[in-house]
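Presented sequentially are two complexes of chain A, the first with chain B as partner and the second with chain C.
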Partner chain A sequence: MTIALAALLITHVITGIVAIGIHNVVLMHLLKRTPNYVFISRIAWSAVALFLVSWATSAYYYVTYYGTAVKPRILAGDMPFAHAFFMETKEHIFLVLPFLAISIALCTSYLRTNPDDALRKSTAFLTLVALCIGAATAAAGVIVSGSV
Partner chain B sequence: MMNSLASWVRSTAIASIATALMLAILIVAAEESPALKEWLKATFYHHWLGKGALALGLFALLCVALSLQRSAARLSRIIFFEAVAVIVSTGIIAGFFLLHLLKLI
Partner chain C sequence: MAIYELLVIMHVIGTVLGVGAATFAEIHYTRFNSDDIITDDERRTLATTYTVMRTGLFLLVISGFGFLLYLRLTEYTDLLTSATFLAKMTVVGVLVGNALLLQARIMPLAIGAAVSLTSWYAALVLGVLRDTNASYFEILLYYAVAVVLVALSLRWIRARMHGPAKAKV
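For the complex of A and B:
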């Protein structure tokens, strides 16, 4: 692997993990009765930016390197299910995350000027779903990395 | 401004619902139909890039188109349905690859 690809992979992992962590913070604040929506919307939009960077960096690594250099080694190793299930699922459900992040950020921006308890609860539920998907993709990434 | 932002919240949520469900269908269809997967590869260089590009295109199109409409639907209800749609979509994707791994399909 070249230094550039390693840098892209590290960027993908770090930005993704930080974005997932931010969604955790957003969720914790949304569970309060009177959240600080200014703070929440700011970090929610930063999660959007981080997910988009994570998406772009992973795309380059996945398309140019993973399929030819990593996937064959996993399929020939002791844990072929790491690709057949975990990588296949991770690479596809990850496609949904940036759209969820945009939706969460827009909701928190709207709540800044229009506090609405029902919308706060729905947004918290949506953030919980995004957090679970993010945590699942991160865990799948650990399994894939450990199977090489 | 408030109404405009509400329109964007609503249109983005509906676009996310449609995109998540379209992705689930496209992913399963591409695995089951080699011709579709080959078309995605031939058109977008890689099938994963094709799925991402089609998802981005649909999301952007629906966001803009639906933001121009006015609706009395409650935002909290739409966001709840968005969360449910994403759960269904990821369930379909993960379930499909699990069944594939177990050679049940």
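For the complex of A and C:
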């Protein structure tokens, strides 16, 4: 693996994990009785930016390196299901995450000027869904990495 | 090598902050709540302790994924599928889930406190052991038993320390 590809992989993982962590913070604050929507919307938009960076770097890594150098090794190894199930699922579910993050950020921005308890609860639920998908994606990444 | 040592230091600091804060959160809460009244000053002390605990969790997760990257890039990936590592990941996931349930007031405080305290110590022990002969499910069974024992111990300690209720000033 070249240094550039290693840097892309590092960027993909770190930005993805920080973005998932930010969604965790967003959810914790949305569960408060009187949330600070200015703070929540700012960090929600930073999660969007981080997910897009994580998405772009992983896409380049996947297309130029994973398919030719990593995937054959996994399929020939002891845990072929790591690609056949976990990576195949991860690469499709991960596509949803940036759009979920944008929806959460838009809702929190709206809540800044129009506080609404029903929307707060719905946004909290959406953030919980994004958090669960993010955590599952990260766990799948660990299994894929461990099967190389 | 320098990056690996940096990750180890970050991981140890995260664990120390988390385990220490979880321990003192329990000690403070038990003492402060012994008269059924938590004053503003006591609330601020607890809030600071929880902030330290969350900082520890953040450092633990970031350095943990740093290790993942290090092991992946150095092609030493056997550890990533070991039962101990996967059990530790599960325990950290339980820690995050427990914090969310406590924040949403879905989890009763007595159970949530026991889960938090046991999970932090379990993460510490699993990190020190690195690899054991026990399977993933065996480790989780020991962990579940430990949660029950800690919950019962905390209940007993709180009952012993609980003084007569005072009128709110």
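Just so we're on the same page, the second predicted complex is superposed on the first by the 148 of 148 C-alpha atoms of A that agree within 3 Å, B and C clash if a C-alpha of one lies under 4 Å from a C-alpha of the other, contacts with A are read in each partner's own complex, and residues count from 1 in each chain.
Everything that follows uses one rule, which is that contacts are C-beta pairs under 8 Å (C-beta built on N, C-alpha and C of every residue); 3 or more make two chains touch, one makes a residue touch a chain.
Worth saying up front: this structure is predicted, and the values here are computed from it rather than measured.
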*Clash or fit: what happens to chain B and chain C when chain A is overlaid?*
fit
*Using C-alpha centres in the superposed arrangement, which angle lies between chain B and chain C as seen from chain A, in steps of 10 degrees?*
140
_Looking at A:Phe81, would you say it contacts chain B, chain C, both, or neither? Reply first, second, both or neither._
first
*Of chain B and chain C, which one touches more of chain A's residues?*
B
*Considering only the touch criterion stated at the top, classify A:Phe99 as touching first (chain B), second (chain C), both, or neither.*
first
*Minimum C-alpha distance between chain B and chain C after superposition, to be given in whole Å.*
18
*Overlap of the chain B and chain C footprints on chain A, listed as residue numbers*: 128
*Could you please specify the touching residues of chain A with respect to chain C in the complex?*
1, 6, 9-10, 13-14, 17-18, 21, 24, 27-28, 31-32, 79, 128, 135, 138-139, 141-143, 145-148
*Tell me, which parts of chain B touch chain A in their complex?*
1-2, 5-6, 8-9, 12-13, 15-16, 19-20, 23, 27, 45-46, 48-49, 51-52, 55, 59, 74-77, 79-80, 82-83, 86-87, 89-90, 93-94, 97-98, 100-101
*Within the complex, which stretch of chain C touches chain A?*
58, 61-62, 65-66, 68-69, 71-73, 75, 77-81, 89, 93, 96, 99-100, 103-104
*Which part of chain A faces chain B closely enough to touch in the complex?*
55, 59, 62-63, 67, 81, 84-85, 88-89, 91-93, 95-96, 99-100, 102-103, 106-107, 109-110, 113-114, 116, 118-119, 121-123, 125-126, 128-130, 133
